[in-house]
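Here it is, the structure, as structure tokens.
Naming follows writing order (A, B and C), and every chain is counted from residue 1.
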Amino acid sequence: MMTSNLQLTAEGKLKHFLTPEGLSSTLLTNILDKAETFFDHSASQVKIKSMPLLRDKTVVNLFFENSTRTRTTFELAAKHLGAEVVNMNIATSATSKGESLLDTIRNLESMFVDAFVVRHAVSGAAHFIAQQTASHISVINAGDGQHAHPTQAMLDMFTIRQHKKDFSHLRVAIVGDILHSRVARSEIHALNILGVKEIRVIAPKTLLPAKIETLGVTVSHDMAQGLEDIDVIIMLRLQKERMSSALLPSEKEYFQCFGLTQNRLKLAKPDAIVMHPGPINRGVEIESQVADGNQSVILQQVSNGVAVRMAVMAMAMLS
Amino acid sequence: MMTSNLQLTAEGKLKHFLTPEGLSSTLLTNILDKAETFFDHSASQVKIKSMPLLRDKTVVNLFFENSTRTRTTFELAAKHLGAEVVNMNIATSATSKGESLLDTIRNLESMFVDAFVVRHAVSGAAHFIAQQTASHISVINAGDGQHAHPTQAMLDMFTIRQHKKDFSHLRVAIVGDILHSRVARSEIHALNILGVKEIRVIAPKTLLPAKIETLGVTVSHDMAQGLEDIDVIIMLRLQKERMSSALLPSEKEYFQCFGLTQNRLKLAKPDAIVMHPGPINRGVEIESQVADGNQSVILQQVSNGVAVRMAVMAMAMLS
Amino acid sequence: MMTSNLQLTAEGKLKHFLTPEGLSSTLLTNILDKAETFFDHSASQVKIKSMPLLRDKTVVNLFFENSTRTRTTFELAAKHLGAEVVNMNIATSATSKGESLLDTIRNLESMFVDAFVVRHAVSGAAHFIAQQTASHISVINAGDGQHAHPTQAMLDMFTIRQHKKDFSHLRVAIVGDILHSRVARSEIHALNILGVKEIRVIAPKTLLPAKIETLGVTVSHDMAQGLEDIDVIIMLRLQKERMSSALLPSEKEYFQCFGLTQNRLKLAKPDAIVMHPGPINRGVEIESQVADGNQSVILQQVSNGVAVRMAVMAMAMLS
């Protein structure tokens, strides 16, 4: 769906960030390295460094779907870079007057803005906006339908590198509702580009897309077998609305088959880390003791999200 | 309804901006000249210059009606001037506790704010607030009922001057629902003050106020006749709710009689410009080919709105 | 419920501000003195001084209940101190995905924020967050259930000191719905700590908590008797929903018994001041002529609220 060059300038620099798909290992690594520069480890309390790289730039948070966590980290990231931020919850505003997406974009770009951070329920929305918008504007995909969530994937890559240093020897398991997950799709692309040894998806057949193997993953339908030799476990949030849609029997049965418990965690490598994009459903896809346990890096993911989003915005808006 | 001196300081400077009515040609021209100073034409991409003229000032966006576009340009304009901005959507907040408008204003002015940007469904609301508020506070009308929308009128004047230089020889047509349009009222006042040769309103009789000629306009009920010799065409948005109110037969019939098509556009002067306050209803009051065509300056209006609102805020808050 | 040391650092400085209860007279006086430093009386128009004491700090306004006035003064206060502010209306966001309060807090603190300003319908919510949150984060209670509203109490203390200089000789009446009022509870604690001569609560029996005398107040059920010798009258807002709950007969009867009229005001000392936390119900608990009269300091309370909240944030976040 995505052509790599739409995301890059003629010189090969990042212009839009829509999906990891089609980007080089070097570019993804540059994002991780850039994000690292925003951390201040000098004090006892790790901090984020504010750097006015985007002074006099304006970022529009264009959220057609609600998302407190993602919107807030983008807002904080932009402000730490000195940009002005305008939050637009489009679900409740312009489109209520029946204006088309394209007219909304045309109007906003005429207000001298420099970037759109876009969350939309339709797959391809950010891609469409990047194709249509003025050439000086950058588009950052903050989640489009079931397609991609590239900054979530990159903050996950940052977290993995933080704990495991090198990607090449890693076996990574992604567990849960792969079928509906833009997070899983972007993670699979990023992990393959960064060259992990194996990506294993663990899910019931009803929650796996057809021909998932073609994305470069191995498949397991069983947690005991699937977690063997795993270095990194990424649990996905189970959307409760799937329950009523005949894809799943019940929360309880799902937890019995695919929930990550302390006992199951022992089946992975002893130093395996546990990740989750949040918000977590305690007792549905993950046991509280695991979510809060010492192998969990879930809250580090949130922290890393601020720095990774700063990196992506700075690189795209200054390319 | 509006006395000119409420808008002016004792020295005749702009204090509040509630309506163009009663203001001098010199003052309106000063607003346009001031707006021009905020553009930076030095780079290939035209930019807005941030200037901290309002540092340590606080602007409250007091929106009793929703308006993404207007609210956002005021917010951006205030931030470009270095002001702090607080957005208040009053429809959903203070008044839910039953507080009167006057008590809301008294409370906000006690918080050391310097300006109110007011959008309200009731004609005269901004005028009332300007009369009642503390003497150091400026009130900018961002649209009150069917009365006035002065910054919209001034960004339109800016756009006309940008393309036509001099107002004195111009014939301007305003087409559509004049009856319900605060934009049309403020445009008619501003165009007359700036001394255009003719303002022609083109509309069905049901969408014209009684005795509209007393505002200094000529009237036409026919597009073919009405567009003759016209330099500037201002199309108004057709509120779809008018359809059901027996004022209009149908969208289709309206478009056939008063929609601006490429063929009809040829009836005006060859260098006529096409304007619209937005959001546009494609295929209702304007054909897409015209809205997106090379005589359309609709998106330039949006850009000019940022600079014009900066000018109005800077002049009123520093007078 | 509250242990004093949760609010203090090991050195006895303010860390969180959850309730006046358990704090020393010296500390409360320090807050008032600090607030005074933010006023600029040099010009004809009193102003608030912006001071970048909290530059590079981030404040999250975490409002689980709507409150335009309180949220706006905290937002303005934080911005005047140079902090970045993120507004989160949690009622409509994260918890709609079913995340627990604790998970919400854990996530936000991972985003490198420095303070939570918390408004919550449940008594003890701010206290719970202060107990649970990371050690570098300050929690400011912006109202929790019927428990405490300490910044409101401190802006009231500031306003009283402004007019009456010394607390030790004062008789203060608090009139109205004591039973449901977090404002009243925090005022009673603060007034006792600062050593007023008498706190008199005036209310019908149905709107008084059991054993209210144990808080260190005298009780009256009669306005004529209760207002005698009073220096400061604090009127409470009557929540209209109490009417239907059998606690009260009618608005009209309440006003006849406990409303503050011009005639009743004459029963207090001639220089008594009239206060109200707002928003006021004109004609329910207070007559308009009194609310707008020259003994009313209600709008000064609002102004003082900005400075007092700046003081509390600066002290807590820099301790």
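Please note the rule applied: contacts are C-beta pairs under 8 Å (C-beta built on N, C-alpha and C of every residue); 3 or more make two chains touch, one makes a residue touch a chain.
Please read all numbers here as calculations on a predicted model, not as lab measurements.
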Message = Counting residue numbers used by both copies over all numbers at the interface, does the subunit B-subunit C contact come out same (over half shared) or different (under half)?
response = different
Ask   = Considering subunit A as a copy of subunit C, what rotation angle in degrees (nearest 5) results from a C-alpha superposition of the former onto the latter?
value = 120
Remark   = The distance between the C-alpha centres of subunit B and subunit C, rounded to whole Å, is 41
Inquiry  = Two or more other chains touching the same residue: where does that happen in subunit A?
reply    = none
Ask   = subunit B touches which residues of subunit C in the complex?
value = 45, 47-48, 50, 66, 68-69, 72-73, 75-76, 79-80, 240, 278-282, 299-300, 302-303, 305-306
Residues on subunit A engaged by subunit B in the complex (per definition of touch) = 56, 58, 84, 86, 88, 90, 92-94, 96-100, 103, 106-108, 110-113, 136
